[in-house]
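Okay, so here's the structure we're looking at.
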Amino acid sequence: MSGPLLEVKGLKKSYGAIRAVGGVSFQVMPGEIFGVIGPNGSGKTTMFNSVLGQIEPDAGEIHLNGQNITGLSPLQLNQRGVGRTFQTLQVFGKMSVRDNLIVAAQEHRGTMWSRMFAPGDSGLGAKADELIDLFGIRHVADKPAGSLSYGQQKLVDIAMAFMSEPALVLLDEPCAGVNPSLVGGISTLLKQLNQQSGVGKRASSFVVIEHNMDFVMDLCHRIMVMVEGEVMAIGTPDEIRANKQVLAAYLGS
Amino acid sequence: MADFFQLLFSGLATGSIYALAALGFTLLWQASGTINFAQGEFVMLPAFAMLAFASFGMPMPLSFFLTIVLAIAVLGWAFKRGIVDPLFRYGMMQIVVATIGLSIAMRNGVRLTGAEAHPFPSLFADRIYNIAGVTVTQSDIGTLVLAMLLVIGTQAFLARTITGRAMQAVAQNTESASVLGINVPRMIFYTFAINAILACAAALLVTPVYLAKFDMGESLGTKAFFAAVIGGFNNSRGALLGGLIVGVGENLAAAYVSAAYKDAVALALFMVVILFKPQGLLGRKEERKV
Amino acid sequence: MKKQSAIIFTSVALLALLVAPHFLKSYGVYLLTYWLVFILAAMGLNLTVGYAGQKSLGHAAFFGIGAYTVAIMMKAGFSFWLGLPAAAAICFVTGILVGFPALRVQTIYLAFATLGFNTAAWLVMRNEEQYTGGTFGINNIARPELFGLSLDGALAYYYFTLGVTIVFGLLLFGLLRSPWGKAFTALRDNPIRAESLGVDVRNYTLLSFAIGAVYAGVAGALFASLVQFIDPAPFGVGQSIMMYLMVVIGGPGYFFGPVVGAAVGVVLPEWLRFAQDWYLFVFGSAVVLLMIWLPDGLLSIPDRIRARRESREASAARAAAVTAAAANAGKGSGA
Amino acid sequence: MKKLILALALGALVITPAVAQQTIKIANIVELSGPGTTSGTNFKDGVMLAIKEINAAGGILGKQIESTTNDTQSNPGVAKGLTQKAIDQEVFAVFGPVFSGSIMVSMAETRRAEVPNFTGGEAASITQQGNPYVFRTSFTQATAMPKIARYITDQAKVKTLALIYVNNDFGKGGREMLMKALDKSPTKIVADISTDSGQVDFSAAVLKAKQSNADALFVYTNEEESARALRELRKQGWTKPVIGETVLTSQKVIELAGDAANGAVAHVGLTIDAPLPAIRAFRAKFEKEYKYICDHNGLKGYSGVYALKAAIEKVGKLDRKAVAKAMHTLKVKAADQPGILMDVEFDANGDLDRDSFLTEVKNGKQVITATLPPLGKKK
């Protein structure tokens, strides 16, 4: 019964003569935090965007809970419980923080027509408050998101991905550009969210791309190393740390 | 067949005029993301300036030269500093509205001097040639040749000279251009200056046909705008192609399709281009930024 | 606090609108009605452009479609009350069709596409003479009756228009407060992120056009009955650009932006007539200056004042912190 | 800037209510911007010149004329508001607008308020609605076109005619009237070519006319477009007759078209080049005052004011209803009322009739080749 939540099989994508991803396969189990690391240009982002429906892979299949989701649009993926964050800040700058959180989940409440003229918070006020408190952004909750500091916006950005209680969340460099003092906080938050610290009603799985090695090693249950579009290794943080090949690739041969 | 060539040639002559005005559109768009809805008025003002200088008894070349100097100052420098610079960072909406306001002010300002159309001296002799059943005037040929030369000359300037290349670098990527040590504001000003000079040249060529009138910029601006979009808003050669297509297209349509719907042909092409090749026939693709 | 002052302001304005015509002669009443019609049209455009971020330069086409629908139907013997919903329905469908290009192209290219649509609509209005009267236009368009009351008088028609504007204003207000409003704003601020959060970009884009078009269509219907004559001229690209100007000058994305913007577009030129021959020159220059002064529109003034106050407070706080730090540093070096 | 301040001051003056009944208030509601600018400006200047003269000569019934001028932007919606404004200010008469769409809405307002309205419009439909308060200042197309049609068929012996018209209310109205007038005649229209207002390139239009092999071409467009059409005709070697109505042989077209205008023939209701001393004097006065040569619209405005003056003097008091009534069937002789320029007769619809001219451009000058009697006299 407890098969993989996400299964990627033989994913391939080329841009002209340049092969970005050359046959990547992996599985993410329910409740697992799955890290993806690799040098720049190793195909992480291409793999990520293929899973998220931003680009169409040349070959391979992607399954969610055993269902084939290859080629579905970002919208359809979201409707099937896939959330994501972006590498760069992607909050709705002119809306308040609270509205940012509400809009992040409202489309999962009822139909489009039932939402017409419905109350503005879609019954998501309590949920939003929960996350606002969890993320410690209560003092800025009513300010326009665009007016916050970078770190605060990053927190809002991450919180938005969890508003609709997704089964799978893909996080693209959640620590990029963040003040080192905040990195630990984000790690703790993600762990809490993963262990359903009163937020998710079911276990959620994460896929995390990140360059910050300490962060990945601390957070993830398993880690996949990608080099030149191929999977070099998949294993627990300890296994990866001990892998000579990985060390060589990272330190440069 | 002679009829067809008659239409084709007249269309080319008219189209080269559109191209000249369209070129200004594309230059400003590339350099500063400005869509200048007052572009037609930018041609109308120099026409009146030249007439004004001429009315003081100045010879045409001198009044043309003085008009260029004035245009660089007003339509180039003052326009950039006064309107584009303060609004640049707010984006397209604000610049569009400001240039609309500017065109209303310019048109109605000139109207105060009179609502009459004034004849304008042509550069060319009033002579007609008959080539294999096709009649052309010297001014048709002259306008076509001069307009083409101006478009090609501008192209060559942008592609061949150091300044021109620097201007193109700025148009393509402002940030890396400034990293390379290019004086970005100056290059943008040069673009505005060139636009002003082209407007003066266009005024010299089109006014004998369009006649100097306060609202002459209205239809010229619209046609040039269509031409620029069809050819490619971010490509100077596209302006030439677009201008000629619009000029020839409306003539052929008027003769062979329906005179009342002659604008619909350019329009249909315009829509097809926008929907299927929004960067224009010759434009390069712009990445959609996340 | 902000809410309260908004309520007070709105009620005072409404009261003024109710009372004002009694102090005005027929020209003043006509001008107010004209203004209301353009408020309604600009409200629709504000939804499309200001809230949903779809750059449309074809709004006057919907305005014209609404006007012609009512005029043609009334000439054919149908009631205004049949024409009005027909105008709204036709505009809704056309709006959806015009929205499709917005799924392919954005920003200026969308503006170009809508501008092209407007030109095409105008050509049809001018050339299809058997239906639209061509350049002769349609004359003697009647004003409707409401519950047996004739709306023929200037004052009656004013109150009728005011009523329609308020009803549609409330509907829009309700819509914008609902989840739809947030979805539109999300679409404007960041369509890619919005889609990744489950916002159906396609549906909301099309609806932003369609609903905006309905407002323009209803406004057009009221316009036809107000002027009692229509020809293609006021439905061309120039009018679209003027409507766009009204939205941007008023403040795109501000609910009351169209009210202020339409005042600038409709009432200001009339008021400037004391400048005689100069009035349009002054108007054009005023638009340029307004834009440079307030690029986010006239209704951004309160926000701007607030932002200025906040930045002043912040810089004061910073200065205090610096002084304190300096004092500390002084102490430290002194010790 | 000084001008602006002056304008502001004037504006303030206009707003202050005038002393009732001491003056005769007239509102100019004309096209001073948009596509109708040239016509509207000429019309207004004509009206203003007449007012100035009349005031200098002691006014009408000893009362001075006071005028306001407002721009319709060539937009009927604005024209309607301005007419209401004029009525609010209790003007005695309204002059303008010239565009038929605008006059359609403005005359509905003036009718309701029973204010005489003098229009420069030529569309036949204006006076076909039974509105007793609207009056022409020129021929309607319904009067002019039969006159020119008679010339085309009887004198020029044209069997087949090509027609180039401008696709606006003016052009289309003229086209319909001409077609109606030629309907029963042996002359057939073999090419019907629409052009746009502001059109620059006439090569396709002229080519189509040539292809039709017509005996003659009728050109019915505004001044600038007429000039461009004439140039294109010459370029493409058109040698057959070119015929027009009023505009084609006007001073402005000759100025703009140069040599290409030579040979063009047109019927002209009231022309600045008429060999009449009154019109010569008017032309000189107008040019001195406004620094340009006025077209027929200037004459319309000017003579319109004098027609109003004649009607008021006939009634002997400032009573709008009585004046409007007197305007119908009013006959004014230039001998009694020099400002009317030519003898004129208004009918029960508010249409006017008088002598008109057949003109031809010879050596860059408009020459009158024949004087045509009023249409009514022939019946």
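In order of appearance the chains are A, B, C and D, and numbering begins at 1 in each one.
Just so it is clear, contacts are C-beta pairs under 8 Å (C-beta built on N, C-alpha and C of every residue); 3 or more make two chains touch, one makes a residue touch a chain.
Not measured: the values here are computed from a predicted model.
Asker: Determine the chain that sits nearest the middle of the structure, using the mean of its CA atoms as its centre.
Answerer: Going by the distance between chain centres and the overall C-alpha centre, it is C.
Asker: If I average the CA coordinates per chain, which chain comes out farthest from chain A?
Answerer: D
Asker: Counting in whole Å, what is the centre-to-centre distance of chain A and chain C, each centre being its mean C-alpha position?
Answerer: Each chain's C-alpha centroid was found; their separation is 39 Å.
Asker: CA centre of chain B versus CA centre of chain D: separation in Å?
Answerer: Centre separation, chain B to chain D: 36 Å.
Asker: In angstrom, rounded to a whole number, how far apart do the mean CA points of chain A and chain B lie?
Answerer: Comparing mean C-alpha positions, chain B is 49 Å from chain A.
Asker: Specify, in ascending order, the residues of chain B that touch 2 or more different other chains.
Answerer: 107-108, 111, 260, 263, 290
Asker: For chain A, write out the residues touching at least two other chains, lowest number first.
Answerer: Touching at least two other chains: 86, 90.
Asker: Among the residues of chain C, which ones contact at least 2 other chains?
Answerer: 126-127, 192, 277-278, 280
Asker: Contact residues on chain A for chain C in the complex?
Answerer: 52, 73-75, 78-79, 83-84, 86, 90-95, 99, 102-109, 112, 115-120, 122, 160, 164
Asker: Across the complex, what residues on chain C touch chain B?
Answerer: Within the complex, chain C touches chain B at residues 49, 55, 101, 104-109, 111-113, 116-117, 119-120, 123, 126-127, 192, 237, 241, 244-245, 248-249, 252, 277-278, 280-281, 283-288, 290-292, 295-296.
Asker: What residues on chain C touch chain D, complex-wise?
Answerer: Within the complex, chain C touches chain D at residues 25-28, 30-31, 34, 126-127, 129, 134-137, 139-140, 154, 223, 226-231, 233-234, 270, 273-280, 282.
Asker: Can you check the complex and tell me which residues of chain D touch chain B?
Answerer: Interface residues on the chain D side: 32-33, 35, 37-38, 40-42, 167, 193-196, 198, 200-201, 203-205, 207-208, 211, 223-224, 227-228, 234-237, 252, 255-256, 258-259, 291-292.
Asker: Help me check something: in the complex, which residues belonging to chain B touch chain C?
Answerer: That would be residues 35, 37, 82-83, 86-87, 90, 92-94, 96-98, 100-109, 111-112, 222, 229, 233, 260-261, 263-264, 267, 270-271, 274-275, 278, 288, 290 of chain B.
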